[in-house]
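Structures follow.
In the two assemblies presented below, chain A is common to both, partnered first by chain B and then by chain C.
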Partner chain A sequence: MLELEGVNAFYDQSHILHDIGFSMEEGGRVAILGRNGAGKTTLLKSIMNAGPRVQGGIRFKSRALANASPDERARLGLAFVPEDRRVFGHLTSYENLKIAQYGASPEREKVPIDDLIGRFPMLVPLRNRPGSQMSGGQQQMLAVARGIAARPHIMLLDEPTEGLAPVIVAELAHEVAACCRDYGIGLLLAEQSIWFSRQCTERVLVIDTGRIVFSGSWQDFDENAERVQRHLAI
Partner chain B sequence: MTAQIAFAAANGIVLGMAVFLVAAGLTLVFGILKVFNFAHGSFFMIGAYIAHAITGQDPSSLPYFLFAAFVAALAVGAMGIATDTLVLRRLSSVANDYTLIATFAILLLCDGATKMVFGQDIYAVYPPAVLDQTMDVGILLTYYSVFIVACGIIVFVLLELGLNRLWFGKLVQTVARDPWMAGVIGLRVQRLKLVSVGVSFALAGLAGGLLVANQSLSLSLGHSYLLLAFNSVIVGGLGSIRGAFVAALIFGLFESFNSLLLPSMPGTVSYMVLIAVILLKPEGLFPERT
Partner chain C sequence: MNGSSFMRPAVILLFVAALAAAPFAVNQGLLFLIGIAMLQAMFALSWNLMFRYAGLASFGHAMFYGIGGYAVAAIIFHGFPLPFLLAILLSTAIGAVVAFVVALIVLQRAAGIQLAVLTLALSQLVLLFVSYTDFLGRDDGLSGLARPVLDFGFFTLDLRSPTAFYYFIMVAFALVTAGLLWFVSGRFGRVLLAVRIDSERAAFLGVDVRRKRIFVFTLAGAIASFAGALAAPWAQIISTDSMSWFNSAQPMLATLLGGAGSYWGPVIGAFGLILVNYFTRTFVGLSEFMVGGILLFVVLLAPSGIAGFFEMLRRMRNRTRTASAREHNQ
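== the complex of A and B ==
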């Protein structure tokens, strides 16, 4: 479904990602772990072509993405939920979800918006409230729902737990996993929280200073705990 | 004295609406592209020339006058699409001074082209016969000035409804406010911008066609409303239609009372208003919320 091979990413002159390679199956769910500044966000943005300058091969649905713009990638079935949320402040929750469906890939049957809102109890009373009048946590929830609304083949989810209360994090983990299963959405998740990542995914990549240093199942992760922790500790 | 004040107020409202017609497209382009288009007045002038070329010098019927304004709007809208494709869209990632120079160059180009196509003669254009009458409502008002006020209000209401109620308007606002995220969710940002820039330029052409009557049509027509339109866009809050509407009315009224009360110092009050707003509320009366 998604294959990266020899991907390098740059901001101006700084070389951030080095020779990244991995692949994801249809419906696969993968976590990316790494400390602050390791390059998780840069990797997601590179897949979306939404920021860094990228070299190397990215293939999606057996098609080389080459220079495809972010909006083309979105219509092919990639959805990116950025860490700074970027909820549309002038649109209500409902409209934020609707506009994501409007922009997204036409080939898959749409998720009914009210069903989706119903899955996130926090959003129910906010259905008709503009994004600009929501708290940070509420916006975070809406941003995740907006990613799901597009019903992408793969959702690129960047630090969804940031700023959420612990009980809400648990709820979100449950909903993200359930939505991915029910709607056939693959997940590439960048997270600091190992607990959350474990709830939502089946495989894990660890990156350190722009290089993949570990790749395997959660069981492998536990078996190599000592080696992996070195790359995650500060 | 009361009659004079009433007359000045009426004139101020008419001027305000005329200024709004010019300012509407200018503020819209800014809202979408974040480019302050110095050539806007020239496109307004081109609209006036095109409408005049269709109707001719003599008073026409009202439908024909409107038809000419509509054709001017279409033609100038098409020029807007060309201008965006060739110039404006390339300015999104460069420093503001390049934008200024580029749009100033477009202004010179438009003025030169207009001179070549339409010549340097000055024309007097009359409003359609039905509008070229006066009514007495305590003061004498021409039908044409009432027509301008009606046009201003109609354009304002249509833009407000279109941007805030129609789905297309919401798409345009989304692209204007956060083009990066709009692209990330799959909106065709470039195309939506192009269409909205076309509409904004069409508004300039429409304004030219509607306002061409009752003034001398010459190459300097662009400058007459332009300064007030610029002021209105700044004072109203860059990119805000509502702000441009309110500010255009304020400037129209201040200009009008300025010439009644301080006839020897034309325009001073407007600039004092501009300076006061920039000092006290530099983001304008209706700043864009994000």
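== the complex of A and C ==
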């Protein structure tokens, strides 16, 4: 479904990602762990063509994405949820979710908005509230729900737990895992929270200074805990 | 139905009734100005369509107004055998095509102030071209434009009568205003607002931002051309003034005065500007000064314009009512 081969990413002269290669099957759920500045966000942005200059091969559904713009990639079935939320403040929750469906790939049946809102208990009473009048946690829920609304093939989720209270993180983990499973959505999650990542995914990549230093299941991760932790500790 | 949801249709109905009654209540001079106000309102609505819904600020929008005006004026002046309605449609289409080409070129890279300056420069180039073209009357423009008689077979509409042409403009104004309102209130309007607020995020959701902007720019150009195509036979003259930077500023001033944040702001502003100009016309030399002073007053005291000011009053009244209801319950 998604294949990266020899991907290098640059911001101007700075070489951020080095020879990244991995693949994801349809419905696969993969966590990318790493310290601040390791290159997790750059990797997601490279897949979406959302900033860095990228060299190397990125293929999605057997199609090379080299010249595809971010909106084309979104219409192909990649949904990017950046870490800074940025919900449309002047639109209600319902309208925010509806907009996500306008540009969606026509081949996939969309998630009914009311069903989706029902899955996020925090959003139920906020259906008609403008995004600007929500708390950070509520906005994060809405941003994630917006990623799901188009029923993408793969959702790229960037640090969704950043700045959230533990109780909201737990609720978010439950909803993300359940939605991905029930709607058949693949997940590529960039996170620092090992607990959250473990709840939502089945495979893990560890990235350090722009290179993949570990790839395996969570069981492999636990078996190599000492080696892996060296790349995660501050 | 609460107070505010009742108020808006009532005000609109009152406005329509006042426009319809104008030919019976005012002299020909003022009737002409009200016709111009409706055309300027359409022009300003088209500008605000770009500004409010796509975040595009064009400083050369009069180019399209002028193109529509010159196209229909040339057809009438040179006696091309084209029915008047078709001439209006053709002029609108020419404006739309030019706007599309300009959008393709300009929106490729320019945004913000670059877009504003580039559109201004383009409009001045077109003005220069017109002022050197004999066919378009050079600097003098085309004057003495005859208003037509529309023959529909089963009835004729004599637009030579100012009153008939006034109602013709009024119907066009109503159709454009209602059509645009329908357009921006639906799905497309929401997507456009999303593009304006956060184009990057909209792209991540699959919205083709560039295509949407080109479409809006083209539509705005078409509506401005349509307004210009009606203005030329209404004034019975078209000149390079219609494409000047001063005319490009009119929809911006109207939007500023009426309120860019409201759909109706440009309409309120266009009528407001015409009224101010009318009532200050005898203060020779002071008229522009007074218009400038009023604009300064509005910008400083009500930055959201007249529409925003009324919206603020409505919110204050609602807050007061809620507070007194709470006190009453306690």
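Here is the rule we use: the second predicted complex is superposed on the first by the 234 of 234 C-alpha atoms of A that agree within 3 Å, B and C clash if a C-alpha of one lies under 4 Å from a C-alpha of the other, contacts with A are read in each partner's own complex, and residues count from 1 in each chain.
The working rule: contacts are C-beta pairs under 8 Å (C-beta built on N, C-alpha and C of every residue); 3 or more make two chains touch, one makes a residue touch a chain.
What you see is a predicted model, and the numbers here were worked out from it, not measured in a lab.
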item	value
Joint occupancy of chain A by chain B and chain C, clash or fit	clash
Contacts of A:231 with chain B and chain C, given as first, second, both or neither	neither
Touched partner set for A:132, first chain B, second chain C, both or neither	first
Partner chain(s) touched by A:35 [first = chain B, second = chain C, both, neither]	neither
Which superposed partner A:18 touches (first chain B, second chain C, both, neither)	neither
Touching partner for A:70 - first (chain B), second (chain C), both, neither	both
Set of chain A residues, in rising order, touched by both chain B and chain C	48, 50, 69-71, 74-75, 79-80, 82, 86, 88-91, 95, 99-100, 102-105, 146, 150
Residues of chain A defined as touching chain C within the complex	48, 50, 69-72, 74-75, 79-80, 82, 86, 88-91, 95, 98-100, 102-105, 146, 150
Touching residues (chain side chain C, partner chain A) in the complex	187, 190-191, 193-194, 197-198, 200-209
Chain A-touching residues of chain B, taken from the complex the two chains share	170-171, 173-174, 177-178, 180-189, 289-290
Partner chain B, residues of chain A touching it in the complex	48, 50, 69-71, 74-75, 79-80, 82, 86, 88-91, 95, 99-100, 102-105, 132, 146, 150
